Every structure is written in C-alpha cells, then in structure tokens.
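A, B and C label the chains in the order they appear, each numbered from 1.
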Amino acid sequence: MSAVAEQQTRVPSPTAGASAAPVQQQTVNRRRPEQGSRQEWIVVHVLYLIIVIFFFAPFLWLLTAAFDGDAVAYIRWPAQPTFANFTYVYQNFHIGRALANSLFISTATMLLSVVLVSLAAYSLSRLEFGLKSVVTYGVLVLQTMPLSATMVPIYGLARDLHLRNTYLGLILVHSAIEMPFLIWLMKGFFDTIPRYLEEAAWLDGRSKFRAWWEVVMPVARPGIVVIAGFAFLNAWSEVLMVIILVDDPGKSTVPLAFYQTFRSNGGYNEVNYGLVAAVGVIYVLPVIALFFSLRKMMVRGLMSTSRGL
Amino acid sequence: MATMTPGRGLIAWRRNRSLIGGLLPAASLLSLFFVAPAIWAIYTSFTNRALVGLDARHPRHVGWANYERLLHSPAFKTVLINSLVFVVGSAVIGQFLLGLALALLLDHGEHRGYRATPFVYGSVLLAWVNPTVIAGFLWVAMFDFYYGSLNKTLELFGLSGVSWLGKAPMLSLIIVNTWRGAAFVMIIFQGALRTIPSQIYEAARMDGASAWQRFWDHTLPNLRQVAAVVLLSVTISTFGAFLLILTLTNGGPGTKTEVIALYAYHAAFQSRQIGYGSAIAAVMLGLNLIFAAIYLRVSSPKI
Amino acid sequence: MAEIQFEHVVKQFPRQASPAVNDLSFTVNDGELLILLGPSGCGKTTALRMIAGLEEPDSGDIRIDGQSVVGMAPKDRDIALVFQQYALYPHLSARNNLLYPLKIQKISKQERQHRIDQTAELLKISHLLDRKPNQLSGGEQQRVALGRAIVRQPRVFLMDEPLSNLDAKLRTHMRTEIKTLQQELRATMAFVTHDQAEAMTMADRIAVMNGGRLQQLATPDEMYKFPANLFVAEFLGSPPMNILPVRQMDGHLSVPGGWSIPEPSRTKAPAELLLGIRPESIRVVAAGTPGAAPASVIVSEPLGSEVIVNVNLGETMVRVRTPPDVRPRPGEIVHLQPDLDGVRLFDKESGANLRS
C-alpha cells in the first residue's frame, strides 16, 4: 500500500551496534514461555496426584469392595468379581423397599421444598425493609442450628404428635431441615431478578401472587432447578432424622438400611465389607449422579453466596 | 431496591400482606421443627424427664438441677475440651487451610489451562457431597488396623501399622472431617479469587512485582474478608458434628472423642435421661446462638 | 524518554481466524503522543500490550530506545501502563497505590516521598491520598492511576483507553489535562482509543488500525485532509465523509445527482471509483450556479454553531455543513456545489486514495 508508506514519517533510529540489522530482515524471537516452566508443570501435577489419591481413595475402595465376593478392607482389584453382593443385599436386606421409600420421600420432599421455598424466598426478597432484616437474620440463625441439638426434642415432639414412622412425618422433617439454607440461596437468586417484571404485571392488573407465578417464576427456573436438586440430594442422604423417627422396617430408607447394616448389633467387627459396600454403592450412586450433573449450577449458586458477603 | 416507600403501621401491613402470606407456610414448618424443638428442649431441661421409668410418666420440675449437674460434671469438661480440639483441629486448621491451599492451587491450574484440573476438583467435591455415614464407613475401612488401606500402605514401606481409631482417635477424626469439609472452603475461596480482576495482577507486573509479591500483596489481602466469614462458618458447622463421630468412634474409646453433640445423644438415648440431655442441647443451642451472632456481625450479609 | 519501534510484528491468538496484529510497523518518536486509533478488535490494544510485555509477538521486533524488548519481562522495560479500568489496588489507599511501584523498585524513602508529593500536586490529588479507591470518583481514580504511572518516571507511557469510563464532560476535560501533562513531562506516550475526536484533539500523530493492519500513520491534519484509504476517510470526522458513487465519462467524472468533476490526472485507470467529500466542502448555493446540483432535504440538524443538513443527492444521502442560519426544511430543494479542492477519489476495490 504505497499510500500508507508515503504517509509514514520515518525517523532514522539512533542505534548503533546490535540493532543495526537492516530493517527488512525479521528479527529472531527470543520468546519466553508465557505458560510457566517445565518444573512448575511437574510440581503442580504431583500435587494434583497426591490430592486425588487422598480424596478419591476411599471411593475406590468402595467400588472394589462392592463388586468383590471376598471383599477386604483395603483397596485391591476384586478377588471374586461379582454382582452377588447386590443380589444378596436386594433379597435379604429389603433394599427394594428401602429404595422405594427413599425415592418417594425424596421426591415428595423436593416438591414440597420447591413450593415452600420459592414462596418464602420471593416474599423475603421483596419484603419491605424493617421486617425484612428481622426475618432474614432469623433465617440465617436457623441455618446455624445444629441438627444434633434439636434431634432430641424432635424425637419427643414427633412421638407426641404421632409422626414417628409415618411418611408425612418424614417428608415434613426432611423438608424442614434444609429449608433455611434453601431459602437463603433462593432469596439471593430472586434478588437478582429485576423488579420491573412483576411491576409491569401489577400495572396490568395482576395480583401479586399471579404476577409471581406467571412472570417471575419462569425467569427463576434455573434457581428452582438448583433448589430442587439440593432438596432431593439432601433428602436422599439424610440419615440422622430417619434414625430418630423410624423403627419400623417397612418405612426404612436407603440411608437407614445402610446405617443399620454396618452399625447395628453393637459394633462393626463382624461386618461383611462386600455387602455393606454394595448397599453403600446403592446409597451413594444417585447422590453422585445428580450432583455431578447439576454441579456447575450448584457450585455457582454456592459461590455467589460468598459474593454477597 | 424497594420502589415503594416504606410505610408505618397499617399501610405497611396492608401492602406487605401477601408477601407475609407467602412466608407463612415455610415459617410454620420451620417453627415446628426448629423453634418448637428449641423451646421444648429448654423447657425439658428444667425437668427430670426420662424415656422410661417413673420419670417418664410424671416428669417433675427440677429447676436448675440439670445445669448444676452439668457444670460440676468432670465428663462435661472433657467433652468441652474434645469439642474444642475437634473444632480447632478439623475446621480452623484442617478444612480452612487445606481448602485455601486447594483453591489457590486449582485457581492457578485453571489459569494455566491444565486439563487435569476439573478431575482434581471433582474428587475433592466427591468427599464433600457424599452422605456422612458413607464417609464414616469408608474411613472405618481405611483405618482398620489389620486390613485397612492406610496400614497396608505403611506396611508396604516397611513401617508398622497404627491403631488409628484406637490410639489416635481424635487425630483420625480430624483427618476425616478435614477430608470432608475442605471442599466447601475451597469453593468459597475460589469464588473470592475469581472476583479479583486480572488487571490488578497485570498492573502489579507492570509495577515490577514478582509472582510471590503479587500473591502476598494482592491475592491474600483481598481474601481477608472472605476468610473471616468462612472460618466462622466452618466453626459453626463443625461444632454440631455428630454423625461422623458416631459412625467412626461413637465417642470412644471411652470418652476420648466424646464431643458435645454425642454427649447429649448418649445422655438422652443411652442413659435415657431426656431432661439432662435437653440441658446439654440447650447449652449447645446457646453457644451456637453466640457464634451465629458473631458470624452475622462479621459477615454483614446483603439484606 | 525514548522512542518505540515496531517492525513487522505479527501476533495471532489461538482459536482466532486471523491475526490480531498483522505485519505492523511504525515508530513512536521520542517525546511524541502517538494515538493508536481504530474500532474494537482492530489490534490496537494488543499492540499496546506487546509494548508493555503483557503479550509477546509471534514474529517481528519491538524496540525501545533501539533495544529489542521482545522476551523481556514487563518490569525490566521501564514502562508504565494506565489501564482502561484503572486497576487500582482496592485494598490500598491512594497513597499506597502510588507507593507500591516505588517500594518494589526499592527507591529511597526520601525520594519516594518527594516523587509522590510532586505527582500528587501535578495531578491535584494531594487531598485524596488517604482514601481508598472505592471512596474516589471515576475521575479521581483515573488521576490516581495516572499518578501511579508518573511516579515511576518511566521512559515510556502507555495508555489503554483511559478515558472511556468517564462521562462526556470529564472526558473532554481530561483530554486537555493529559495532553498538557504529556507536553510538560516531554513524555513519549502511546495512547489507545476508539474515539476519533479524542485522537484528533490529542495526538501529535495518529496510527489508524483496522483488522490488525496499519491503515495510515500521519498527523491529524494530514490524515483528515488526505486519508490514505476509504476506511480512514470514513473513520475520521464527525459527521463522516460523504462517499458517493461516480461514473467515468470522457473527460470528467459524473456523480449521480448532477455533479460533474473534471477528470484528474492519473497514472493508472482503475475500474470503479468512489468519490469522497467532507460535509464542510459542500456549499449551499443559489439555483443556477454553475456546477451546482439540486438535492431534496431530508432533515436539518441545528447544532448551535452550525447546521448539518441531510439531503438526497441522486440516490445517496449526503450531509452538508451550513452556517447556523441556513436551515432548510424537509422536502425543500437546495442546490449544492462541491469544493473541488475537497474532492477525494478512492478505488472502489482496494479503497486506496488516488491523489486528487
């Protein structure tokens, strides 16, 4: 482009020596690696290896033991690779029943939680100032209450209300325990939804409730998925409350079955690792599957709580 | 923020009516299972109620007797110390430091684009996400004296096995709890690290700061706020730890790992003394309230 | 102070279709304020970051003061960079922000204090020094960012769109301030912006870039009057240069709408041409004036000191600058006469300017 060359003002560079190479020649690049050295790569990956071993080893054992007819307490390739543990457990430990119960309770809890939490979280998010801070602090305080402190009273309460060994009791309790956390999470989510959506609906004559249902909730769908995921996961995993509330084997859940498998009858000396591991796998699998499919959303939700601080 | 002007009294009540209505269902459930039990615990702690026997039928009001018993009980002192050691060891030191280290390492790995990073991340999360009793069971196997993976590995190196749950129960518990909870701390710190704009680091590079100086002068100070909150958070959750310890040691051997939650449980369900157990629970709730107040003050969350 | 030289620099980012910087060569003279101007993505920021050392070229050379800096760490280059978002250290006070580079370089306490006082006075931020960045307004933050660069007394200043985050009024004010500062310090400055008005008012010379390539390097005046190609012609000037199609007839060029331009002397005869003429080079005249063509008015935009009249000439919309009292209404017919000195011709294919 001759026009360009013409316009370019060129000042003779006052260089001597090294850089006196003719301008047309391309200079060889002394490029520093922008991406860290070889050594650093090795160090980081060694650390990675150690971390993975530390965190994953127990699960490796779970997998190898569950599929081993002659399971031992240490990690090794199964001596007798088999599905026998699973079939045995299914037939003798009433796992089928427990699975059905767990599924039912977890799903019901998930549904109940989603409804109650969205209602409460939205209301909290849009509440006017004075009352709002009181309720918010209340929710936060509830979140810090340890289950281990309330389990004794809940036992007494459930007994008096005849909620022990009932599906209703289990569903209510499972919903209640995660609720403060879920409300807090969902409230944060609603806070990010701009008010003009519902305001437009109000101007159109909708009641607050309809506006919420028709306009805000669809936008909040990703948050709801996260809440539902957490609710289901926690309900499925919950064992403490089940221990307190259930002694009827017909109402047993997978977590309880698992717990009783290895901790009943005074100790764990005579446990058949393979069998317990099999129950463990049944217990853990849905949790892991669900969590890892929803992982990104959940972690983002959790991270955002740190940003709100 | 609110587009309506905050009002007083009746007008505010009218406007917020439907919102308060939205809160009611959740509030009733929470009252039933959080507030009512707390009140029940406090009330019962003033009685000598029991699970069986005479006192089950007609519990008597005994005033502060349970609390006095608690204060003078040497077992309780042991329990408090155990709880303290456990919380400091596994939360303050273990989970916090390990979580921080993991966050820094993985953040660094992410920036360098190391493809192994998500897998490491996943394995750390796995330890956190799995149910507590599973974790307990897994580590019971790991700690097994004759056949556990840990001792088997030690044998490989020619070292003798350790009686983890027998001779070093508290240490073992701390290891497991750290293993469990580091992920939470890691996630929070990762979130905080991501909020530091990369331009800050570039500016520091331009100003002449070395990699270490950039970390010390810019990464750490910006993590300070989050650190305080996270620390309190893990302290609070570890304080109420119950299931993990129940599964691994059940407070033993003897009372070496009896923490406060277990003490309440044993009193209520093994000794059958619900009144006494409730007193312990009430103390727990009280301590927790104090922690929660500090937490709220420090974190000043977005209302 | 020092001069900067780019020589056939190429930089391509992975997963991008074309190079961010493609065979870029230019020089920033000692003590001059050179502005790298262009639309987003044209490569100007990448070029700046390569001077800073935050990116490295794939090939080609970059020299400061005659010495190649390729491969050299940023801190060894003795340059300062002012970021678009200021990048002030949020946990440090303004004073400590200014102190930081000096501490790293281990400058004596006395000298540090002296430089900070001097710089703070220069930028009028002495009263703000104990505040944290989040307690400062945008303009104040920007001055602190400038200060952090100045205290280092570097041989070269780099600025990456430092004024983009300021409101219009503050921006024009800071333009003058920065220019004055640069002249006072006699600093060599490379400044990146996408705002052509900014470039015109501040630069000693402008380097226009597009698609990673240098389009033209010249003083603002020269560039405005003699743009090297269509891109530069349309980029500079507000409202932009009018571009009209032309047909070549024998002896003259005909613009649809009625203008007739005498054919200029050329060495080559390109196939198709475009005519460029700036709004101020068109005059509204009385009907019947030789060389004038009729055009229908679309709308007049009065700006106080002048009026921009949008008209339809032929089928092209053309903008004309008129004195404040000339304000034809929509639908009126006005007669436009081109100032032949202001006519530029461009090759339709390559966009290059043919001498008019």
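Methods note: contacts are C-beta pairs under 8 Å (C-beta built on N, C-alpha and C of every residue); 3 or more make two chains touch, one makes a residue touch a chain.
Every value quoted in this text rests on a predicted model; they were computed, and no experiment measured them.
Among the chains present, the centre nearest to the common Cα mean is that of A. Inter-chain contacts peak for the pair A-B, counting C-beta pairs in contact.
Separation between the centroids of chain B and chain C, computed from CA atoms only, is 57 Å. Chain A and chain C have Cα centroids separated by 51 Å. Taking each chain's centre as the average of its CA atoms, chain A and chain B sit 16 Å apart.
The multi-chain contact residues of chain C, meaning those touching 2 or more other chains, are 73. Residue ranges of chain B in contact with chain A, taken from their complex: 2-4, 6-7, 12, 15-16, 18-23, 25-27, 29-30, 32-34, 36-38, 40-41, 44, 102, 105, 108-109, 112-114, 116-117, 119-120, 122-127, 129-135, 137-142, 144, 146-149, 152, 179, 184, 187-188, 190-192, 194-195, 225-226, 229-230, 236-237, 239-243, 247, 261-262, 264-265, 268-269, 274, 277-278, 281, 284-285, 288-289, 291-292, 295-296, 299-303.
Interface residues of chain A facing chain B in the complex, by the touch rule stated above, are 35-36, 41, 44-45, 47-48, 51-52, 54-59, 61-62, 65, 72-75, 115-117, 119-120, 122-124, 126-133, 135-137, 140-142, 144-157, 172-173, 175-177, 179-180, 183, 188, 191, 195, 199, 207-209, 212, 233, 237, 239-240, 255, 258-259, 262-263, 268, 273, 276, 280, 283-284, 287-288, 291-292, 295, 299, 302-309.
In the complex of the two chains, the chain C residues touching chain B come out as 52-54, 73-75, 79-81, 83, 85, 87-91, 100-101, 104-105, 148, 152. Interface residues of chain B, counted against chain C in their complex, comprise 197, 199-200, 202-209, 213, 217-218, 221-222, 224.
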